[in-house]
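Heads up, the thing below is written out as structure tokens.
We call the chains A, B, C and D, going by the order they appear; numbering starts again at 1 in every chain.
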Amino acid sequence: MIRFDSDYIEGCIPEILEALQATNQEQCPGYGEDIHSLHAKELIQQTIGNSEADIYFLSGGTLTNVTVISSILKHHQGVITASSGHIHTHETGAIEAYGHKCLTLPSTDGKIYAKDVDAYISEHYASDVAVHTVQPGLVYISFPTESGTLYQKKELEELYSICKKHDVPLFIDGARLGYGLSAKTNDLSIQDIAQLCDIFYIGGTKVGALFGEAVVITNDKYKKDFKYHIKQHGGMLAKGRALGIQFEVLFSNNNYFNISKHSIAMAELLTEGFIKKGYSFQYEATTNQLFPILSKAKQKELEKEFAFQYWEPYDENHDVIRFVTSFMTKKENIEYLISKL
Amino acid sequence: MIRFDSDYIEGCIPEILEALQATNQEQCPGYGEDIHSLHAKELIQQTIGNSEADIYFLSGGTLTNVTVISSILKHHQGVITASSGHIHTHETGAIEAYGHKCLTLPSTDGKIYAKDVDAYISEHYASDVAVHTVQPGLVYISFPTESGTLYQKKELEELYSICKKHDVPLFIDGARLGYGLSAKTNDLSIQDIAQLCDIFYIGGTKVGALFGEAVVITNDKYKKDFKYHIKQHGGMLAKGRALGIQFEVLFSNNNYFNISKHSIAMAELLTEGFIKKGYSFQYEATTNQLFPILSKAKQKELEKEFAFQYWEPYDENHDVIRFVTSFMTKKENIEYLISKL
Amino acid sequence: MIRFDSDYIEGCIPEILEALQATNQEQCPGYGEDIHSLHAKELIQQTIGNSEADIYFLSGGTLTNVTVISSILKHHQGVITASSGHIHTHETGAIEAYGHKCLTLPSTDGKIYAKDVDAYISEHYASDVAVHTVQPGLVYISFPTESGTLYQKKELEELYSICKKHDVPLFIDGARLGYGLSAKTNDLSIQDIAQLCDIFYIGGTKVGALFGEAVVITNDKYKKDFKYHIKQHGGMLAKGRALGIQFEVLFSNNNYFNISKHSIAMAELLTEGFIKKGYSFQYEATTNQLFPILSKAKQKELEKEFAFQYWEPYDENHDVIRFVTSFMTKKENIEYLISKL
Amino acid sequence: MIRFDSDYIEGCIPEILEALQATNQEQCPGYGEDIHSLHAKELIQQTIGNSEADIYFLSGGTLTNVTVISSILKHHQGVITASSGHIHTHETGAIEAYGHKCLTLPSTDGKIYAKDVDAYISEHYASDVAVHTVQPGLVYISFPTESGTLYQKKELEELYSICKKHDVPLFIDGARLGYGLSAKTNDLSIQDIAQLCDIFYIGGTKVGALFGEAVVITNDKYKKDFKYHIKQHGGMLAKGRALGIQFEVLFSNNNYFNISKHSIAMAELLTEGFIKKGYSFQYEATTNQLFPILSKAKQKELEKEFAFQYWEPYDENHDVIRFVTSFMTKKENIEYLISKL
């Protein structure tokens, strides 16, 4: 079985295992105070071009989202998100379980736009019954989105500008950040990302690490007390080194970006293959996720040898299917898949 | 600096790194459905002698405690715990953040006893104003306790019997389970533990793993829907293999017990050293945590070369100090420490 | 200013004030154990034809909804509701603040239908990633709905049947129950309501009381421990008599139904008036809420003398407006309003 | 049966019923925007000598406590309270249900002192593991306390000064405020109270109203968005007039203070009676709650004719008993009770 169902099906980049090996006998203090975590923070600060940013490592995406969001919101506030946002659709109500409503904006491409966010917040405060509804306290977007799409620089600038106008912070879920930044259609750098929001996270789990995400807080207002929130959510590993070492490796030798580029190259190869064989796509995704439309017959045939993910129905005989490449995807597997299309 | 401040200061047992290396390129499904997680579950089922037990792997102790406790309690219920219980004292209010009160019983040795639990629950239901107070819905204990003490088999049998009498489940926090089971004063086997509670967890983070804890649910009543709770709390690693592989190793070749014994042997050596040098102890701890009483002067002297943890005040000139050994503690370091006492 | 903006703009039926006066010096135990509360419960049991039902009095609708819903759901569960449901739109996220997600079904008439609920629940359990999403644990409907529409008996039977098929309880928000039962198009009795759900509430605030709602629990499974939940939410009045006396009056002498009929008669008079003057309606509401479409000019004219509520936009020059009658609405005010249409 | 078991056993002062009667047909906007609520706010502002204070009316004490506390705290914060504090002991975990831990200070007289609060907060921030524990975010006291004791002006000044030093707000639960202010041993005015905390509430339920409490926010920092919190907790009555009218009456003609004085006079009479008959008291309570020590035999004898409340055990043959007087307690009943002592 050759798997294309996600980008978390393999282990991690070999350099991480080597580093874990090399440091295994070191005695380090716990809870992120070890030298590897401190070094990894510096490396990320340098990478994003902000030496004042606060950086923390957490073990996974859902945990990171709920920790960030609940560190910012007060009880009467909710988080604006695309209706397709991961926090709304695939985190078992983690945000609500911590007391906060997802305030959804309809979205067909996974993105939300400055004008819609502006309208939503303005209408809230204009309403006679504002206090009978949840106050928007944060805007959440993902880059790339759950549909594999990307915000263009201009779109993100407009969105962040609206957020600042309303004094509502912007949080970017970068579970697949590396893949977004490496896409051909992308015009944002990681430095841009760091400047165009108040807080974001750099995904490790899906981009080369065994597990782990790096939260980056650039707005001073949200730095204070963040560690309490990590600990309260159970996100503070006793052996924080296990996360620090991984990000130390990822942000050394340009590893994070190199492996992202590999994944994108593989996705492009596969995209070309689909196009050549006459398939069309549901979303214009240019990152490491493809959403081709496949007949049910073709799916049945392929699933004997390949793992992929049903995404949503298309018509009676076709579905939208998700194929995902990773930092470890092998070219020969892409070519073999194309040969079977 | 030689560290004795905790049992999470080193990495993991070498066999784990080898296994991560050997499996790194395997393609596995995510979220704990991989063959390593499945195999690890079987190994643990065999070890505890219960092939029907449900077993899940989570990334850390606080996360595990809040996930288990919130999976069982309803909104109006709280958890009975020793006043020294980790959930009450060192988890940043994680249990309360999820809506549940810690109902504390005073404790001087870290343990709670059947008769006190019985009295507490009985008094609750006998009260005219029971509904004005939180209903006890679960009993939490740790084995070993936070003070390094152990429940004797008879004590645990009595406690569990009271829990069953009141239809209140018993949950055992086994963050340092291996060390407890390996102590000379212990008369409980892991099979006993599995039979004398409804749910417990086997600590990995402090006992040889890089990170990770294994939840074991033996009472059918609490098995249903547990995975929803793991996901909601952000405890479900996408690369569940990273946890599965670690427990596969720990529960192969008797590793978990062998490394625990090593740690205990080192702790015993250190205990003898303290006794020979005329020190006394605050708690009768026979696991891998020692609580000797040290003068402030001695502390000052030792802290130039050793890391250890201030625990609590003793008198004007002395404090209770915690020294901890681990699966990786070196005999020469113990001997060197003793030479400096 | 003559007000038609809601049904909570006047005080209460005079009999309630008389009863409060007559009982004022009585010494009663608190928290709902007084003889008036006990008597009111009996009267309601008789009215609904179920002497085993548990009945509790709470001070308001939002409090009642969140208390009922959180008494039933576990942390990983959410509540299915129409997208227009009061709990989703106008309770400041009370349900989410207590940890539960509103699982919305799209609705244009305020109602949700058996087949849609069936599909939603079935799809949840059929999904590969069910545990990544919130488990549906309860179905919430309002009768009448927020749009003034009514479930027909057949619809409610079908809906409840689906709920039972999936073992998911049904909760009916009856904030305006009296008005629904008294509508000409209604074919449900209060006894039917009591049999076609697991738990519902009889609204007092909007139907003749100064404040207060009566929760009726018919399914034994949800009776246990309900008082803890009331107290935890702050819904248990120390002087429970204040609620008991009101419901004692409302359910004596057929008061509750008589005043509801008056309100409906007034609404019908007003409806005829609108129709005669050539207005059309957005919703086919036959209870005490009307939703006529008014030009902006007409609104401007009317608001000099009348209070009414903007509901939603209709077209560039028109809006949907809500007019509401109550148990105390005067016929001459209706006639005067009609004269100005 | 003559009841002395609480101060919520009778209805309300007659003037309130008269006012409800007189205003019953008025049409008022809902949710606290009616003229009576607005007038009541002005009357309270005048009474406390602060025309800038924000004032809100809620239906009961538990609801008020949780609304105030959750409006101030962030997720990682808890509330410091005496171990005997109502929020910790008798509100079914309402504070925890909303996510916040009660951080208890031991107390024998129901009070907490500046030096203890200072020590607690200082130790929190001095700890190496501060982030593993709940951050103190608010101090809660009750005046009078649950044991009927009173803070002296100097004590409250010191306490508030410490709160300001640590930038932690002070909240006073005034469920029985009137009785405290009217006690002979009291040296605080209501104006003092308003100046020596950030937020407090004036109890109505136990002091002459049918139900209702008035929250007073004097610190600007906590005024914003408070209405969202009231609504979210279900504390916003649709017919807010019902609360406004009651407080309008209570704060007209010095009613609130006059009825409090009556209750205190009755309590003093009863205290003298107990003393004359040779009883002693457990707490030096000078408000409307007495805590005499009664033999079990005497209790048995008295409970044929009188209702009173068991408070706590004293010795094998005696218990501490609570007797409470109210705004409506009759002198002849006190005299009759004394005759039976």
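Keep this in mind: a contact is a pair of C-beta atoms (placed from the backbone, for glycine too) under 8 Å apart; a residue touches a chain by one contact, two chains touch by 3 or more.
As the structure is a computational prediction, the values presented were derived from the model and not from experiment.
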Subject >> Chain labels contacting chain A and also chain D >> reply: B, C
**OP:** State the chain with the largest centre-to-centre distance from chain A, centres being mean CA positions.
**Re:** D
**OP:** Report, in whole Å, the distance between the mean C-alpha point of chain A and the mean C-alpha point of chain C.
**Re:** 42
**OP:** Quick one: report the Å distance separating chain A from chain B, using the average Cα coordinate of each chain.
**Re:** 33
**OP:** With chain centres taken as the means of their Cα atoms, state the distance from chain B to chain C in Å.
**Re:** 49
Original post:
Which residues of chain B are in contact with two or more other chains?
Top reply: 75-76, 91-93, 97-99, 131-132, 228, 231-232, 236
**OP:** Enumerate the contact residues on chain D facing chain A in the complex.
**Re:** 70-71, 74-76, 98-99, 131-132, 135, 225, 227-232, 236
Original post:
Mind pulling up the chain D residues that touch chain C in the complex?
Top reply: 1-3, 5-6, 8-12, 14, 17, 20-21, 23-30, 59-67, 91-94, 97-98, 205-206, 210-211, 228, 231-239, 241-242, 307, 328
Original post:
Okay, in this complex, where on chain D does chain B touch?
Top reply: 75-76, 78, 89-93, 96-102, 128-129, 131-134, 310
